[in-house]
Amino acid sequence: MRYSVFPGCSLEKGAAGYPYWQSMEAILKPLGVELVEVDDWNCCGATEYIALNRMAAYSLIARTLALAAKTDGLREMVAPCSACYLNLSKADKYLTDDAALADKVNVALGAGGLHYKPGTVKTRHLLDVIVNDVGYKAVEQQATKSLAGLRIAPYYGCLLTRPAVYGQTDSPEYPTALDKLMKVLGAEVVDYPMKAHCCGGHMTQISEASAFDMIRRLVKGAADYHADIIVTVCPMCQLNLDGFQGAMNRYYKGDYHVPVLYFTQMMGLAFGLDAATLGIGAEIVDARPALSRIGVQVPPPEEEAKPAHKPRRPKEALPMPVMPGSEEVEQ
Amino acid sequence: MSKPKFAMYWAAACGGCEIAVLNTHEKILDVDANFDVVFWPVAMDAKYKDVEAMEDKSILLTLFNGAIRNDENEHIAHLLRRKSQILVAFGACATQGGIPGLANLSNTKSIIDTAFSTISTDNPFDTLPMTRFDAPEGELTIPTLYPAVKSLNQVVPVDYYMPGCPPESHQIAAVIDLVVQVLQGKAQLPPTGAVIGAGNSSVCEECTRTRNEKKIVKFARIQDFKPDPNICLLEQGILCCGSATRSGCGAVCPKAAVPCVGCYGATEDSPDHGARLLNAVASVIDSRDPNEVEKILDGIPDPAGMFYRFGMPGSLLRASKAAWSSEQ
Amino acid sequence: MVSVGNHPNINLMAYSEVTQVSGYVGNFTVTVRQKASYVDKEKCTGCGVCQDKCPKKVIDQAYEAGLGHRKAIYKPFPQAVPKFPVLDRENCTFFQKGTCKACEKFCESNAIDFKQQDEFVTFPVGNIVLATGFDPFDPRRIAQYGYGRLANVFTSMEFERLSSAGGPTGGKIVLRDGVTAPQSVGIIHCVGSRDKHYNNYCSVICCMQSLKLAHLIKEKTGATVYNFYTDMRTAFKDYDEFYQRVLSEGTLFVRGRVAEVTDAARLPGEEGKLIIQAEDTLIGKQRRVPVDMVVLSTALEPRHDAKEVGQRFGISGSAAGWFIERHPKLDPVATMTEGVFIAGCAQGPKDIPASVAQGAAAAARVVGKINQKEIAVEPIRASIDKDRCSACRICNNQCPFKAISYIPEKNGQRAYSEVNPALCQGCGTCVAACPSGAIAGTVFSSQQIMAQLNGLMLLNVNGASVEEKVPA
Amino acid sequence: MQQVASNGTPKTFLDQVIAATPGNPHLEMCIQCGTCGGSCPSGPDMEHTPRDLFAMVRAGMKDQVLRSNTPWYCVSCYYCTVRCPQEIHVTDLMYTLKRMSVKSKLYDESIAPDFSKTFIFWVENNGRSFELGLMAQHMLRHNPFGVFKIADMGVGMVTKGRIGFTPKRIKGMDGLHAILAKAKEIEAEDDAKIMGGAA
Amino acid sequence: MTERIGVYVCHCGSNIAGMVDVAGVAKWAGEKLKARGVVVARDYRFMCSSPGQDLIAKDIKELGLTRVVVAACSPHLHEKTFRDSCKRAGLNPYLCELVSIREHVSWVHTDKAAANEKAKAIIAGAVERVIYHEPLEPMRLPIHPATLVVGGGIAGIQAALEIADGGNQVYLVEREPSIGGRMAQLDKTFPTLDCSA
Amino acid sequence: MNDKFEPLIIGFTCNWCSYRAADSAGLGRLKYPPNIRLIRLMCSGRIDTTFVLQAFANGADAVLISGCHPGDCHYVEQNYKAQSRFLLMRRLIAQMGIEPQRLQLLWASAAEGTIFAAEVTRMVEEIRKLGPLNWKSSQQLTVNSKQLAAAEVAA
């Protein structure tokens, strides 16, 4: 499997999301996925450029897409960052649907000697590629070390599944791909009610009160469900939940301590790779206590650790509707 | 009393019609007995100016075979029309355009290129025909090709149509019989515009093969497999034009294990032979899946040539855009 | 219901399905599959012993909406008509494992017959009324409402069973644990309705149904009840008065479509509750309302097999899947197919009074037809000119109504095909297919169509310049 | 669909907002159900819920809309967009309103727009964003003492190698400049066309 | 041309007249299509009203029309109406052709000039077509007196009872073991709160 | 009147679905360009290649064949026959030099007025881009026999 890749500014060396890049590279090798970096890619504009200048924002993205279209004839591009993924795919979609917009953007691109035919490059999120192209089975085959004993809160954030410009790959409300992936690696996955809620995005820079409230909801949710660790798919989410957890604690006089790692780091651990290669240790909220649970191979926790909201059903209880696919999830 | 005058002319055609007339065997003597043959280039020496010198309407019966391919054809058509009382479009070319009519799928230039500038012709100096040439002896001309072939009735009014490539000799004989009887006052001429020397149903009527309900899943050609000798060819996936083609030939082709090619043209009242054939063929394709239908249709590599083998100029569309757009 | 069972003119075929329909108005032929119930109706007295003795309990997805149980041999409810139980083969221990036969042992009238087979009955009818109803929307599709994940989120159908004296709790309104009475209940309107992701239409009954549920909860439990609505639609006689009554009973109304239902507590007082998050649009503020129980007033959807049923009876459905009436205002129960009528929710979402009215209207139309004794049908027919037909047999399989038959050569008369005008429906496919032009069609003849075509093209779109094209 | 005057310019503020939004945002279809406002994670902090704001757009209350803090509290989570029963592109519309408010200079609280501008400053000059520069520049301007509140985080990030001290710069900077300049020119033309019609 | 054709163009209040110059179109048909056999062309506010229908009947009788073309609404709405009015005037109903200049023209187009041309073309098409109409008689088929009702819910039950009470046989087919449908599942029903069973 | 090329499209619709789709576009007051003129057939299975060729030969720029969705045919399965004929016709006209887009097939149910209106709008634009067909009609290419007779007499 071969794709072009758009790392995005956060995943560059020296940027906050670099551990994500490190761990991604480490796990893709054994899975047989080859990535070719788009030469001279530029920032996707995040959520900021479009708030100031529509045409410039689209042209900025189109420049990267035009360069991607020249990358080794590859038609699919992996974006590990959810925000980059959404920006690139959404712009491509709107350019495809709206010929007038595409014409204007191409006039702008022309000033830089470039041209982009909408629809040429399909941007895909790393998680999508791993679960749908590589597949759970191939991942399972690479796993040498079980994550059993670790309670994981899978956290998807927003932009991976919403607004799903290329059509739904996972539910925007109750996604399950990451749950399944972590289960395949042996982890105990909690039914995390906040798994698709918002980390606050850039609000840390704009309104602390807003941002810390959103961060608290997520961290509290994970703690309420006795999760040892939050696993994420996006550098922005990781930065907010991990980097700002301390500030949030001070703001609310709370004492949460939930480490936040990338799903690629968890996969790397399960593949038997060492922590340093995976960039583990760079997180602000110390993950060592949590990881020690698998490091020492402690047996699965006692009954008390079972989720509080799923008590044994009393005799007089009324039947519950069965969720489609829930049989396989429970295994 | 002088005998009524008879003429026959060969325009853009292969000459088969002339042979078919001769193939009537002893019936040809009836022609000689009852008519004074005044103009029949293939059988006797005659000059156009002889015809021009005739009085208008002085020829009783003219059998005109061949399509209108060039200005000479048209000129003679007008001439003979003027001189004749009864003008019969004789054979597939005169009635519908015939095989020469397939030229209407291409433009004239490409036809000439194919004829003179491809390996089919040894033409080391790339010599091309010129319609007009000033020689020291004077101006030389040859007829100019029309961009689109026409049928006879597209240039002059026609009294009767006699289809077939060529018309079957027994049908010609019957027509000669009829005209002789009319001359003797024993019969009446059919109404003007009628098709003579043919039936009013389709070839299947005369075909001896067994026919069943038709469901086609594949089209093939006779060289591809050995068709069952007793069963309808169309049912076996061979594109036989019999069902849409006027009867009268005796179904000689399908009886000989060759599909009907449609030389007798459409049946009564049909403005377009090929359209009828297309409707029928498409209707018996046994699939509801458009992709599968497309796959089945791939078995008909040249629908226009197939459905309009003898009738392109006489069809609704008459000629492809390639042909007529070069006219401008 | 009982009067149906006893009616001398009604042949009630329960546990049955129409498998085939052929023919046309006035003269349909219908085949019905009577599913094997393994109970001999001649012998069964309807005493119910078999059901009592059957050891196999099954969750009842049909009558109890998944909220209660039934046995493998069962009558769906005590007043069922007809009174005979049916044995559900999929769940019967005898059929699955080969032993048990408890029902047979205890049946005093020897009515259990394990060898029974499906029976197919064919009979003629002149008219058909389709009243196949609706399916309730499955709210698991709206993941943010938590149905299927959060125990105390119920559907309105489940709640009906909960509240029914004949239901699994004997009419006690309790949470999924089977014992706790709710202190507060939130009812959510428009679940799966008026939403382009699910159903674009208003399901008509949900507002009134939700008001009724609010009333029942108040009456039976005294709980605090919230109604979250998009728009309150209480048109029709006495409906708005009912709204007034529910208002006066103290039900709280929030005008806002619910965003999500969650058990993730954020604020004090939310622990252990279900939190309904919505914008209260009348104050323009987001609200989180903690409740014990949530009831989803689910949409009405066309039955899952409506398309197949429609095709079987030759009628079409709207984009959503409801059967289409002949005219939305002037002919609401007839369909494009003569002799096939529709009534009730098969035609579109509607409440009980409207369903009853449509049932009666369809009946009136049918009785009217029967009384005419014969029906005039359009003389749009194909016919074959025997002399021109060459018996090529292209047309033979063009007719789905088998109106074209082939007459082989006999006594010197050559072969040809012919059309039976009584069976011909006038589609004209054979007319177009006939390669020799031997088939003609009335009302839509080739001449008529060609003439119309030529007439239509007399004038160009750009206007008057071509008026001279009109033949003089 | 938007109403367009004979000269091609949108007639009302509603039409302008629609015209300025890429894709078809379906704003005219709003039934005021409140699903967006109910779903919004930062809804409690907004002066107006998105639904409320859309009603104001429809009422032509341009000034009040563009002064509202609502779009600036949008975190782009797209819950409103995927849940809206009328398939209105709520998030995209929030971006449009942000642009309009910046261009009209009506929104007077400067933190959020300034953050966007600072972010874009680095992108326009390097082709890539620069976290340290962005944070430093933004904080110094709006919250100089805030630095201390997150000091532990900053120290952690630095010691763990998650903050780089030099911005990365793309090779094709000249081309990018030319592209963005041209794009801004087109944007200005478009804006003139969109805003031209209404008084 | 031996047919004598009458052309009738309906205003449908302003439904058609608001977009199509009905009087102008009728006048055009009367003049330009004369050679095709049109002997009279009229417009009227509501062709389907009694006076409108009488207008046609009167012309059939007085002018000896042999064909009638009505340009109004969809044939699905009023084809029967106009066929019947021809029949009452002694003209075989199948010699009448109704074409739609409402659903297919005035309601869906916005350019008046183009709508006018289209209406004229549609009428020209109908005039050409109607020449080839033949007099026909509807076919009469017997009706079997039994009725099939599919679905034993409240609507099906009601229909079955009404038909059966009239003395006709009904087959009521229900998929479930019992009739009653959804209504049997309900506790109480609005607005009267009576029980549903 | 504008100078823009206004294509003339002939639409063949079936009585049960597509003609009613056009009716329902009318009932919904949906707007579409006036370039299409409809001929009602009982069923799309009535479509005869002759009609289509006559339309092209006589001045139509495009032809639309429209019927019930697959599986929804009022006459059970006749729309599949229309489909097969359509597919073969399209190959034929392509050989004759008529762009295949000038012959289109549209499935529309009675309820799909929106789809009908949208598809007609789309088709008109597509044909507008293709430009006029201007088929040399038989009148242009063929001398009318009456005129001919007159000419002969004059000669």
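By written order: A, B, C, D, E and F. Residues from 1 in each chain.
Following the convention adopted for this analysis, a contact is a pair of C-beta atoms (placed from the backbone, for glycine too) under 8 Å apart; a residue touches a chain by one contact, two chains touch by 3 or more.
As the structure is a computational prediction, the values presented were derived from the model and not from experiment.
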Steps needed, at minimum, to go from chain D to chain F via contacts: 2
Any chain that touches chain F and chain B: C
Longest centre-to-centre distance from chain D, chain (CA-based): B
Chain at the geometric heart of the assembly (C-alpha centres): F
Interface with the most contact pairs, given as the two chains involved: C-E
Intercentroid distance (Cα basis), chain F paired with chain A, Å: 52
Inter-centroid spacing, chain D versus chain C (mean Cα positions, whole Å): 47
Length of the line joining the C-alpha centres of chain A and chain B, rounded to whole Å: 74
Whole-Å gap separating chain A and chain D, where each centre is the average of the chain's CA atoms: 23
Residues of chain C touching at least two other chains: 144, 260, 398, 429, 432-433, 443, 449-450, 452-454, 456-457, 460-463
Overlap residues in chain E, where contacts from two or more other chains coincide: 76, 113-114, 117-118, 121-122, 125
Chain F: positions in contact with at least two other chains: 1, 6, 34, 37, 39, 48, 50, 54, 77, 81, 85
Chain-chain contacts as defined at top: A-C, A-D, B-C, B-F, C-D, C-E, C-F, E-F
Residue ranges of chain F in contact with chain C within the complex: 1, 6-8, 10, 16-17, 34-35, 37, 39, 41-43, 45-48, 50-51, 54-55, 58-60, 68, 71-72, 74-78, 81, 85, 109-112
Touch list for chain E against partner chain C, complex: 32-33, 35-36, 76-77, 94, 113-114, 117-118, 120-122, 124-129, 131-134, 136-193, 196-197
Contact set on chain D toward chain A in their complex: 20, 22-24, 41-42, 45, 71-73, 75-79, 81-82, 89, 91, 95-96, 98-99, 102, 111-113, 115-117, 119-120, 123, 127-131, 135, 138-139, 146, 149-150, 152-153, 156-157, 160-166, 168, 170-172, 174-176, 178-184, 186-187, 190
Chain C residues touching chain A - in the complex, by the definition given at the top: 59, 66-69, 140, 142-144, 147-149, 151, 162, 168-169, 174, 176-179, 260, 262-266
Complex interface listing, chain C residues touching chain F: 307, 310-311, 314, 316-319, 324, 336-337, 380, 398, 400-401, 425-429, 431-433, 441, 443-444, 446, 449-450, 452-454, 456-457, 460-463
